[in-house]
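Next come two complexes built around subunit A: one with subunit B, the other with subunit C.
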Partner chain A sequence: MKCLWFLVLTVLCLRCEAAGKPRRGRGSMWWGIAKAGEPNNLSPLSPGILSMDQAVHATLRRKQRRLARENPGVLAAVAKGANMAVAECQHQFKHRRWNCSTRNFLRGKNLFGKIVDRGCRETAFIYAITSAGVTHAVSRACAEGSIESCTCDYSHVERAPHRTRAAAAANVRVWKWGGCSDNIGFGFHFSREFVDTGERGKTLREKMNLHNNEAGRAVLSIPNNHISLCTRLEALVLGNRKIFTVSTPHVIYLPSLNDECPYSMIYDVATCGDDRPTSSRFVTICLIHVQSEMRQECKCHGMSGSCTVKTCWMRLPSFRSVGDALKDRFDGASRVMVPNTDLEAPAQRNDAVPHRVPRRDRYRFQLRPHNPDHKSPGTKDLVYLESSPGFCEKNPRLGIPGTHGRACNDTSIGVDGCDLMCCGRGYRTETMFVVERCNCTFHWCCEVKCKVCRTEKVVHTCL
Partner chain B sequence: MNEEEEYTINTWSYLSLCAEPTICEGLRFAKDLIVANLLLRFIIQSISLPHNVRHSISMAIGTFLLYYSIGPAAMWTVGLTAGSYIFMLFLSFITKRLRGLFLSVMVIAFLLLCEIYIVNPKMWQQIRGMQMVAAMKIISVAIELDRDLFKQMLNPVEFGGYILCPANCILGPWISFHMYSTYLEVKFLNKRWFKIILLNLLLAMCFLVLSNCIVPWYIDDDISKWLVAYRDAQAFRMSHYFVSSMSIVSMISAGFGLTNDCHSDLQVTNPFFIELPRSLVQVVIYWNMPMHQWLKKYVFKTCQVYGQFTAILATYAVSSFLHGLNFQFSAVLLSIGTFSYVEYNLRFKVACALEVCCLANPCIKQCEHRYKKNSSLAVFLNTLFSLITIIHLAYLGVMFEASFTVQESGYSYHHTISKWENLNYFSHGFTLFMYIIYVMM
Partner chain C sequence: MTGTIIENLSGRKLAVLVTFLLLCQITCFLIGGLIAPTPANTQNILGTVCKDANKVKNDTSKWYYNRGKGSCEIIDLDDMHHDLSETDIVFAFQMPVPRQNQILDFSRWQQNLIGVLQMDIRYHSQMEVRPRSEVTIDARLAYRNKGDPEDSWQLYTQSIEKRHLDCEIEIKTEKYLYNCSAIPLFELGSLFHDFYLLNVRLPVDTPEMNSNIGHIQDMWLTVINQNGGFTKVWVSLKTAFFPCIIAILAWFWRRIYILERKPVLLERMLLSLGIALCVLNMPLEYFTLHFDLPFMLLLGDIRQGIFYAMLFSFWLVFAGEHMLIQNNPTQSSLKQYWKHLSAVAIGCISLFIFDMCERGVQLRNPFYSIWVTDIGTNLALTFIILAGISTGVYFLFLCYMIWQVFINISHKRQSLPTMCSVRRLHYEGIIYRFKFLMLATLLCAALTVIGFILGQVAEGQWKWDENIELEYTSAFFTGVYGMWNIYIFALLILYAPSHKHWPVAENTSDTQNLSEEIEFSRISGERTSSEISSLTSFIRKTTID
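Our next item is the complex of A and B:
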């Protein structure tokens, strides 16, 4: 009887908590897909099995399930992206007090634990990296042909004559890319639909999530060629907005605004925040070529080392560069609050326009910095609402495991050093034998064989 | 185990990401070549045209192909052709003997001036190959005129058709004027013809993928610098095989280089004799056979009257100047010359001393040495020399591995020296060592 009472009380308590504090992780339950394959050891790369998996479907919202149904094969890519994001997060934070630990996959629990309920920097990073992971994996899967509803991005080919003309004017010969490249356009749109499902952008926290998801996607398309081509394009004037069709690997850059719009197929300048009156039918825009994370490499062929034929191809760099970029953003993240007169201004303006796309509206908000002296955050900056909790001690309410038992480096003075990592509690030093793989050799083709070595290691662990 | 599996997947996706665009681009390049040459062949084949009209069609299609593939830079090749014809006409009034010499000097001077003063390095790297082929053709015509191999002076249409012939104006190979005009007459083609084209195209694509994707990948960067040097040199050699097979594709699709029963009798390079070389001398011969023949026929034979050494020096100078005034080419060619000279003489001495069949060139019919080529001593010595050659090839070929910007705009002095310094000038030292042995023997 006592037990029963206890149970009822517990349930009631949980309910209270749930009611008092709306569950933040609503839009982020899909992260569980990363661990979905594990218990029954299913290969996450076989889409047929995965789509059947009940456990996976339980983590998805209705719209996400619909997207998965409409795009066969996409779930495997999402799972791959989520796994990549988790691995990258753990790599980036392995020497910090919060080490991006994940919990075993349980129904109804968040993969990263209750820390997600707080709107702190760490949460911002999690949202950004998972959103980037999905975009990355889906774009790649398109190029590899494992998603039926999308293909390679061949837009470069279509663009060829236009570019050649522009290049002729500049008196340079431009290499025409004819191959298949990552369909970043599809990845971007899919990620917006799938990842942002739960975030309507109504509350402050939802705005933060949306912003960070967008930041993750924006980091994927860092323009590193800078402005490749500034042209005057004839704009289709609709109402008082100008709509351009831009081939996918470009970002629109408005010279007067210094604000880059993220990637899109069709862009209207109004979305970028251009309020200038449109007296002329022409507007100067700059197209920045987006080098998606793939790097182009070229080689010359010709008689005795001349360069008669150029051939270029794409080379895969790792997701690491994305992780590094986001980690930089994490360190410089800005704390924000929302101005009271938020959605009204753009909403009023849009009411006059007949062809409006309502879904885009949820991305149209401006977050105000917490400290009024600071600059307001840009598209690629991570934002957070509250300061991070201390990660030193175990805190079950926030799902923080504490740094007890964490390994640390006794010679470092950084966060991974024993002083900071153990929060002054002191540490234990042990000598132990570690069994690890060593002397790995690469065998044709394609396996890596390693020996098992036992090495003596001095390990420091926090008390 | 899991990590190893992932490694496999990454490897293959890397290869497919490399191979697909590579093949796409290769085929796009091949398409232009093949279309132009097939057009030429179909016009010749279907309409019976007078001699001069055929040559002018060849000239027109060739000029168009040049313009289409390299743009306005094609003017340099066309200009070289026109200028040298006018100069040749002018020379014909003055002398009947020294036209070859004067025209060679003029063409080479023109190439060097182009490189130094006029053309920007990027464009020069792009048109260098074509200029080389054109220069070779012009010089060969001039020398043949001196040797009275033509009934009369070539008319401008014949000359232009020969130099700008679409079959070999872009990638070579060099063929003589007489061969060119015979091929232009040839009219026997059948289904085999398409088969030969497709086969060579396939071969070219294989070499292209090997050069771009497979060879650079199968040896890791951090193993040893000699293996890396071998890999880079091999990637460069594969690129050369690609260009050579592509040149055969363009020749065959114009119907050039076919025997009476529609078999290809063209050979530009021989990958087997270069990848598994007997000696450096053999590599030099089989690297680009038409060019080797050209050097032998027009430079070496012409200069032979002034002595063996002068002839060798002249051959070296001409081949080096044809490549332009570039430190890297001069250094590589001079090194090849020295290495192969030392190797040739050392092997000659060893063969005489031990009576073994291990000369730089295989004995033609039966060798007069006591130990024949299948004896274990001969096999051992030949393998040893082969290995040395492979090392030399890695040492010489590593130059051509460079970042794309360097490849595109030409190799500098520092690039060459740093590559060799990295390998401690091994081959140069080793050749010196062999030379000392040779002198002491």
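Our next item is the complex of A and C:
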């Protein structure tokens, strides 16, 4: 009984805390870990190693702290992932008005500034890239062996960590019987646990964050070889790029057509329902459901090294290609709105104990496109709720620095061109002599021989 | 006179036998699909960049690793340390990697270990990787066993190897990675120790060495080992099949021994095929659990090679023995088939030489590969092409002979109506069963090929149902293995000499038939010693007629 009271009190307290801080980016404070490693924030006691010092502690939620405690070494990986994400975001947006600037880490403030409070495209990208960054970095750390708690095969093991001797023995049995190789699986699931902690999926904004976090991870998902005979797949008719849904029983699998389409099949249109892709009876379609940035490598090791026995594995892509893929998704992001069915949700707020959305159901929601003529967003699409603010002028309320003083390209007609970048305010042109390294020759590993060149450079800066 | 069992077996008994064998076949397939895991497991290991603090660089007693007592100082290649030289950098791969807070170790059931190296090379406009540039790798492999101190690594083998680096890039922009092909690094025929450690250095001893390999960002090692569960299922199958084939062989040999005549060629071929299967089925893998036997990979290849050579020779002789009409009817011997069999021999010998050059040398140096040098590649390709050509020639011979047999049979069939009804039925039965066996062979071969192609197209698991997961690759291996075992069991049983005699007494009603019967018996009786089946005798008789 005591326990129950304690539970109720704790839950109520949590609710008070949540109500007291109406910040929308409540699940995203962990981004600050990226800057926690920097000298002004790192405690002098542990140089080089991120421990649970005060600065890190402050950025993490209780569950995240527990996860960090249970998985030694994971915090360094998360910090690395967050740093990679920030660097990648700044690379992808270096020629745009919003250049993914981060503020110096200050307690209680968001790393990317107040832009995160708005549910716009840029926020969607930030969520996706940070989620992908954690997945990538944790997978890498598993492969290196610097996180010892990586799972053997996530699908067969319960979420709760087993510390009993029997479970340990079972673990060794699994390894000796069927092996372990699931680096990316752990990265994926850890990212879900860690990154999605604050997002309970109740409000629309939380749904948006969850969706974008998932979309970021989906870039790194393992292509699904386990196509069940009853799975419904998203497919793409080659040629006219129409996306539709098919079910698998009436298809013949073909090997890869090209790099873009790792799995393809002949589809008999006569078997599909109302969603007919073309007028011809048989079409070759590409299964985009199984598409991702992961690359497959194989090795033959049969009799005399022949391909009677072939083993394949997935290669972790470079984070740059992950960033590229997400930037494409950013350009094609869909605006969504509240589905009608979710409008009744606030009625539950009157309950004494807040209704927690079950873990697995958290990801089961369908967002409705803002424009009813558009297709509903897929799992890999980025979604946003409101249009982006203008990034031209300094806006302290939204934490936008403006494009004053940004460099631009006077010949480009794109977003990096001076017309668009400077928002029509005009720009200043200066000719400068720059001293830089040039004609470098590298020698493995560490020797770089460069000449010093003095070049004339024309620099345009926005007024 | 005596025939073989297949001729005297009633249709019902044959059906029962075939059903039983089919059930065995399905069991083999399901054992692989439902019990066994995938045949091999891969682990992707990211190399830890360690700082070689040792003054003496060629010291093989100093090892670098990232876990456990005495782990190395880790450096980050991203921020260029200008105070480092290439001799200070060691990529360390400690295998297996830990899982679920446990230090895993290799089990001897996991049989073998293959290492493939992959380099993540970052694009630099001033440091492009040239196509087919050569990378020199100083690779050292160490081992440790359970119970040893964490820093007592023992040298297993070391070698300085050259490999070709095939890299390409689509978007030539800074910080993009090259798409480099995997480099096969080593193959260990035995996984005897518990832990292994690979230290990789990229030496620059001459100015050209390792000069065009670009900016290496990461090095990945993918290790492939056979799964312990798969080995267990596989060895169990072998253990089950081995006594069976021994028993059947003994029974077959006794049957021939009591015949009071020398065994004919086909019987001797069957016997050698059985012995080859015995060699293949011998569960020698049990020895690897107690002894370090690095030659197991090579031995496995040789055992399989002997079996295939015998099977191919048998098919030739089998087809030939049912066609000998024009040839002189003396005791047929292997010499008559030398032209056909030389194709098999050339193919096998060239594959054997290739295997000795690759896996044979790997016994001395696990890092060796014949494919890295141009001469080696040409040599290997020569042997493989030679083997391919002789396989092609062999199949041409075989198809020609089978076609001839069928022509013969259909030709002789026309003379069937002139015979008495009982004998005609009997001969029709024999032809039917001969064709039946032909069909079985074709079916087995076709199933093997189809299964292989299906496995290549959709590798991995197949799900028939939400609850039943079928491990297709393993199912294919156990299925095919079981199929050829059962096929040879069936051959040995059905082609063993029969005790039964011709039912002469049953058809005395027709005198004409009787006279033909006697005549036939006389003619065939002349060559009892040289004939295995009455089908051949039938064909020869009608030729004489």
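Assume the second predicted complex is superposed on the first by the 273 of 463 C-alpha atoms of A that agree within 3 Å, B and C clash if a C-alpha of one lies under 4 Å from a C-alpha of the other, contacts with A are read in each partner's own complex, and residues count from 1 in each chain.
Everything that follows uses one rule, which is that a contact is a pair of C-beta atoms (placed from the backbone, for glycine too) under 8 Å apart; a residue touches a chain by one contact, two chains touch by 3 or more.
Because the structure is predicted, anything quoted here is derived from the model rather than measured.
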Name the contact category of A:127: first (subunit B only), second (subunit C only), both, or neither.
neither
Which superposed partner A:93 touches (first subunit B, second subunit C, both, neither)
neither
Pick one for A:320: touches subunit B only (first), subunit C only (second), both, or neither.
second
For A:391, select first, second, both or neither according to whether it touches subunit B, subunit C, the two together, or no partner.
neither
According to the stated criteria, A:146 is in contact with first (subunit B), second (subunit C), both, or neither; which is it?
second
First (subunit B), second (subunit C), both or neither: which does A:188 touch?
neither
Is A:30 touching the first partner subunit B, the second partner subunit C, both, or neither of them?
neither
Is it subunit B or subunit C that touches the larger share of residues in subunit A?
C
Looking at subunit A, which of its residues have contacts with both subunit B and subunit C?
143-144, 177-180, 297, 299, 301, 303-305, 307-313, 315-316, 442, 444-448
Once bound in the complex, which stretches of subunit C touch subunit A?
37-48, 66-67, 77, 80-82, 84-86, 89, 94, 96-104, 107, 109-110, 114, 116, 118, 120, 124, 126-127, 175-177, 179, 182, 184, 187, 202, 204, 210-211, 213-216, 220, 222, 224-225, 227-229, 232, 300-301, 304-305, 351, 354-355, 358-359, 452, 456-461, 463-466, 469, 477
List the residues on subunit B that touch subunit A in their complex, please.
3-4, 7-8, 10-14, 16-22, 24-26, 28-29, 70-71, 122, 125-130, 132-133, 170-172, 208, 211-213, 218, 220, 236, 239-240, 242-243, 246, 288, 323, 329, 400, 404, 407-408, 411
Which positions of subunit A touch subunit C when the two form their complex?
91, 140, 142-146, 148-152, 157, 161-163, 168, 171-172, 175-181, 183, 225-230, 253-255, 295, 297, 299, 301, 303-305, 307-313, 315-316, 318, 320-321, 439-448
For a test of understanding, state which residues of subunit A touch subunit B in their complex under the given definition.
143-144, 173, 177-180, 294, 297-316, 442, 444-448
